[in-house]
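See the structures that follow.
Shared between the two complexes below is subunit A, which has subunit B as its partner in the first and subunit C in the second.
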Partner chain A sequence: MGKQLAFYVDSDKCMGCFTCAMACKNQYHQEKGVVWRKIYPLAEAIYPHQERAWYSLACNHCENPTCLEVCPVKAYFKRDEDGIVVHEQEKCIGCGNCIRSCPYGAPQYNPSLKKAEKCSFCWQRIDAGLAPACVLSCPVDAIQMVDLDQFDATGLVQYAPGFPKFPALNPSVRFRLPKQPVVVRREDT
Partner chain B sequence: MTQWKKSDIEKALDCAMTRRRFMQWLAAAGAAASLPCGLLRPRKVSATGIVYEGGYETFRNACPRNCYDTCGMVTYVKDGIAQFVEGAPESTFTNGGLCVKGHSYIRRLYSPDRIKYPMAQQGRGTGNWKRISWDEAMTRIAEKLIEIDEKDGSMLGLALTKYSGNFGITNYGVEGMFSSLGYTTRMVGTPCWPAGIDAQNYDMGNMWCNDPEDMVNARYIILWGVNPAWCSVHTMKYIYEAKQRGAKVLCIDPVFTQTAAKADEYWQVNTSEDGALALGMARHILDKGLVDRDWIDKNAVGFEDFAGYLRKSVSVAWAAEKSGVPAEQIARTAEEFASHKPATIWIGYGLQRHVNGGATVRALDALVAMTGNVGKVGGGARYGHLQTWGFNYHAMIQQPPEGAKGYLGSAAKGEFDFTKKEGGPSYSNRTLNINKTARELLEASDPPVRVLWVSCKNPLSQDFDRNKLVEAFGKMEMVVVVDQFFNQTVELADIVLPATTLFEEWTVDVSYWHYWISINEQSVKPLHEAKSNIEIAAALSRKMNQLKPGSCTFPTQVDTEEWVAKEFNKGIYDLFGLNSWEDLKTGMRKARMGQAAWADGKFGTPSGKYEFKSDLCAEHGFNELPLYVESRKPYDKLRVLTPHTKFSIHSQFVNLDWMEDFNPQPFVYINPITAQSRNIADGDMVTVKNKSGEVTVAAKLTDNVPGDTIMMYEAWFRNNTYNCQNLVDDTSADMGAYKAGAPGVAIHDQFADVTKA
Partner chain C sequence: MNSYETPLVLFTVLSQLSVGMVAVSAVRSFAGPEPPRKQIRSEWLVAGVALLVGMIASVFHLGHPAGMIRALAHLESAWLSREALSVGVFLGLVVVGIVLMRQKTNRGLIVLTALAGLLALFSMGMTYSPPSFPAINNVLPFVFFLVTAALLGTSVGTLFAPEEKKPLVNGIFAVSLIVGLVIYLIVPCIWLSGGEIMRQTGQAWIASPLYWARIVVGLVLPLAVLWKMKTTPAWLWVAVLAGELMGRALFFANTVHTATIMGGVY
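Our next item is the complex of A and B:
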């Protein structure tokens, strides 16, 4: 395997503070309603306290991206040097195939341009030697950029509970799961 | 810095259609071929917004909001347009990052919703706004001020309400503007933290705490009524690091907060019974012989009296009953806390917004002190500090015009008022309690308050007894509001003046938590017709002196950069290791304040020691010892908590469309058991009602809140009348008058019931 950049999502550290999601808007100024990085609260079946554990998710820059497969105009390509999946919006005809096909909901529809768009892994920043906006912004290093070829993923999981399992795509993301504190509740309520 | 152009802004910001139409027009006009090809080359990847291109000019900014983190920022500018922001990289505290709010600033700067020009409203609350010129606005205001001065023989009919909307130091020029007009009426005090400030002053002689970065050295951390995962995101990494090094982290809060979820252990304390819980722990530590006698002998007075009180009146069982936390946990944790040094408590502001708030903070302080953890690296009763705020307050200190008359008697001073009055006339300002703004405005007489000036504050979203506040605004002869958005206070104004954002003015910012300082440069020229507070003061002074020479002493021309320079002095330079304030243009600096607050054992109290027993506290009408004080009696069925959300600082940020992508609507949070008994389902619209007012809002069911409590976040939504202050009365907290000029306010001692709407 060659270099494959991936997001390491440390849900044990993640505070669901939405800093990374807004850092993305700060860098790209997406239109209202178009959000590349989403912060998903974990369902209570996975973590018992509502809105207290989170996955910060954007494009997973899969090894075998569906978006690339289904695009009729080859608006997607996967960078040889680091595995980033790039969407060239000027080629996009807005057919929506990628939006319907991606099981992770990464491509978003831009209603003004009538085209798709998605997380670019900040390849322009990476090419300039900078960290992606989300990674730089996180106050607790809960979202990191790693190279799967070099990364020691001991104790981490690729398919965290609630995260769709599509091994054929091989999404470039790894999770650490959130722990729970000892909870001492009042007896009278 | 170059002048911005409207077209550049449209290009920079989500105006895809505008740009596309422009290009279509070019193509249709056959003009495309004649333009340099670079202009028409499509932007790669993201045609709707911007992408990182490199080659930016960078400027230093600082978030001036009322927040622990007060982040230094780097603003990336191209063609005079601010493109994006990052956290200052050299600050180990912010470490290149901001928060969800800080990263929305570009949108705030270029928001189409901004107040762009001075405007006058034809009838308060009508929304019938008409653009006026700066000259007309200043003329109307100045004429009114001259009129009231002549009618009343003083400027006491002019009142100011201002607090924490912008803590940039030059913004104290608003107070300066008021002083330069004569003796006026001022709202003093703070709704935020004053009971705790006074408590720490009685105990230690000042409010001063260790560097938050030092928290990594703690072996036991109690996060008591504080939610840094939302309200101080940059401190969390130090807490995680302490955990990593083996520290235990306990979070105590009535609500299962995000911080609670990140702790080792969480206790759901009965709201405002934190004092009982701390005293129960203290009693157990005493019984187990875990008191740090050496430290107390050297550094404290009054401990034997405190120990006597504990033995006589406090037991672990009693504390368990009051607080709701089982006795077994109280005893075990008390032992752990006392035997793991250094141990620290971070005391939040919420737990002192109660009728017994100051007493609670004194009890928590005592717990830290009796275990010998005050003055220690990794220890301390952490609450806040103002050690880095020693500026000149040049903008603030202005002289009244010759012959000005005012109030006979002394005026109260706020906690950020560092001015010293020397000699001079015996007149002073008239001070009114900021936490009782509604009734104070209505009741002030001789002269009544005729003109109200609002800046750095949104009283209709922040202040209490809101229905009465609306009535008080109605009584004013003129209301002037300086702001950036048409919020609920602006709705009740006659004249609104557009204020600059942090990108458009020079100032300097420090924190009441971390030890860093940041310059705030003007990174872009002011948009529209916005002016900074000191430029507004200068404009008013010009007009006052034109209409009535000598009626205002404020300089009629100000250069905001020069005025920043005037705020610095040798003390600040030495503290931060600066040769010149301009050193800050290359990055933030950190104050050199030694290893730990109070490490030398020289306390600021009358005895020079830590005072478990404070005569000063007794002189001010409270218990000399940190005794248990009863909480407020419920006046309705459920307790209402109105804390901060992660998406706002008070009423700021939630209104931005970028923020609406993540936080589109308000909720009231209700425990499922409480909801069930009222036939309320998740998502139902419900009405929360009490003696003060009511709010209709969607319900979210969660056991993060206890069954006897409902919770709503403080916020101002631009398209929603939601306002949690409808439910909050103006009952005072116990302490606060000593250092902040007026007692705090019992924000979290409120009650209501909820029914299906």
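Our next item is the complex of A and C:
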């Protein structure tokens, strides 16, 4: 495997503050309703505590991206140097096939431009030696950019509970699961 | 619930009507003498017009219809590109057939066109079975489309069949109705025992009035009429078409996407 940039989502640190999503919005000023990065609360069935836990998710820049495979006009390409999946919006004809096909719901429809769009991993910032806006903004380092080729993923999971499993796509994301809260009882003290 | 995708509903159903009509005319051509050339030509004209209307409708689901020709750019991996090409080839063959039928009918061309139509159905089946919809990320879309082609091809095709071949066409129609009914009743029930997204899809289909209207209007009613009258009345194709349109709207609107429960139990 060559260099493959990925998002490392530390769900144990994430406090669901939405700063990453707002930083993305600030950077790109997407249309109302178009959200590249979303914060998903874990369902009670997965994390049954008063404490809450979240996954901050955007495009997973898969090794075998469905969006790229199904796009009839070749509006997607995967960068050789870092594996980022780029959407060339000027080529898009707004057929919606990528939006329908991505199981992670990453591509979104821009109703004003009548075209699809998605998280770019801030490749322009990366090329300029800067961190992606979401990574830079997180106050608790709960989201980081890593290279899967070099990253020690010990103790991390690719398919966390609440995140659909599609091995054929091989999404470039790794999760650290939230710790179970410690219940302190009166008799323990 | 997703969008009804009206342009895609019209495109898929009308193109499948067209493929069905051509396939029925091909099957009929092997069963003895055919009706006058003029009648087959009219049949193909109807198939061609339906296909053309469907293709025009499909353009309206694009954000930028002017770029439609570029949809052929990714034939090496995108089934949508292959779908566009195969439907275009099918339309071309239908037009050639209509033109040549001024002079004589050519059974080889009829069969070739029917095969091209089946290939187009397969491409459509692959296009509409992405991984994001686990309930239909399999052969089901192709099966649904085959059923649509068989039902519409026979119910409309019977209008053009000579009297001596009506029993053959009615027979195919009856079998298609029974097969379609069994498939549409069983499939959502099987989904109920699948993973979370499949289960939700099964529930969404069964809870939708479109599902039951599709079964009653498009399958049960035609089957009852056929059983009672022993022939296909000229109006019955309207009920079948209405059923297929409702069924296709259901297919696009009520099939559940994986991303809808992100953070939940899969």
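To be clear about the criterion, the second predicted complex is superposed on the first by the 179 of 189 C-alpha atoms of A that agree within 3 Å, B and C clash if a C-alpha of one lies under 4 Å from a C-alpha of the other, contacts with A are read in each partner's own complex, and residues count from 1 in each chain.
As a working rule, contacts are C-beta pairs under 8 Å (C-beta built on N, C-alpha and C of every residue); 3 or more make two chains touch, one makes a residue touch a chain.
Owing to the predicted nature of the structure, the values given are computational and were not obtained by experimental measurement.
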item: When subunit B and subunit C are modelled together on subunit A, clash or fit; value: fit
item: Which of subunit B and subunit C A:113 touches, first, second, both or neither; value: both
item: Subunit A as apex of subunit B and subunit C, Cα-centre angle in degrees (nearest 10); value: 130
item: Partner chain(s) touched by A:121 [first = subunit B, second = subunit C, both, neither]; value: neither
item: Which superposed partner A:96 touches (first subunit B, second subunit C, both, neither); value: second
item: Partner chain in contact with A:19 - subunit B first, subunit C second, else both or neither; value: first
item: Touching partner for A:130 - first (subunit B), second (subunit C), both, neither; value: first
item: Which superposed partner A:175 touches (first subunit B, second subunit C, both, neither); value: neither
item: Subunit B versus subunit C as contact partner of A:8, first or second or both or neither; value: neither
item: Partner contacting more residues of subunit A (subunit B vs subunit C); value: B
item: After superposition on chain A, the shortest CA separation from subunit B to subunit C (Å); value: 13
item: Intersection of the subunit A residues that touch subunit B with those that touch subunit C; value: 113, 115
item: Subunit B - residues contacting subunit A, complex; value: 12-14, 16-17, 20, 42, 44-54, 84-87, 94-101, 103-107, 229-230, 233-234, 236-237, 240, 251, 256, 258, 260-270, 324-326, 329, 646-647, 657-662, 671, 673, 702-704, 706-709
item: Subunit C contact footprint on subunit A (complex, rising order); value: 38, 40-43, 45-46, 54-55, 57, 66, 69-74, 91-97, 100-105, 109, 113-115, 161-166, 168-169
item: Residue numbers on subunit C that touch subunit A, as the complex places them; value: 61-65, 67-68, 70-74, 77-81, 84, 127, 130-133, 197, 257-266
item: Touching residues (chain side subunit A, partner subunit B) in the complex; value: 13, 15-19, 21-23, 25-35, 39, 49-53, 86-90, 110, 112-113, 115, 117, 120, 122-125, 128, 130-131, 133, 136-141, 178, 180-189
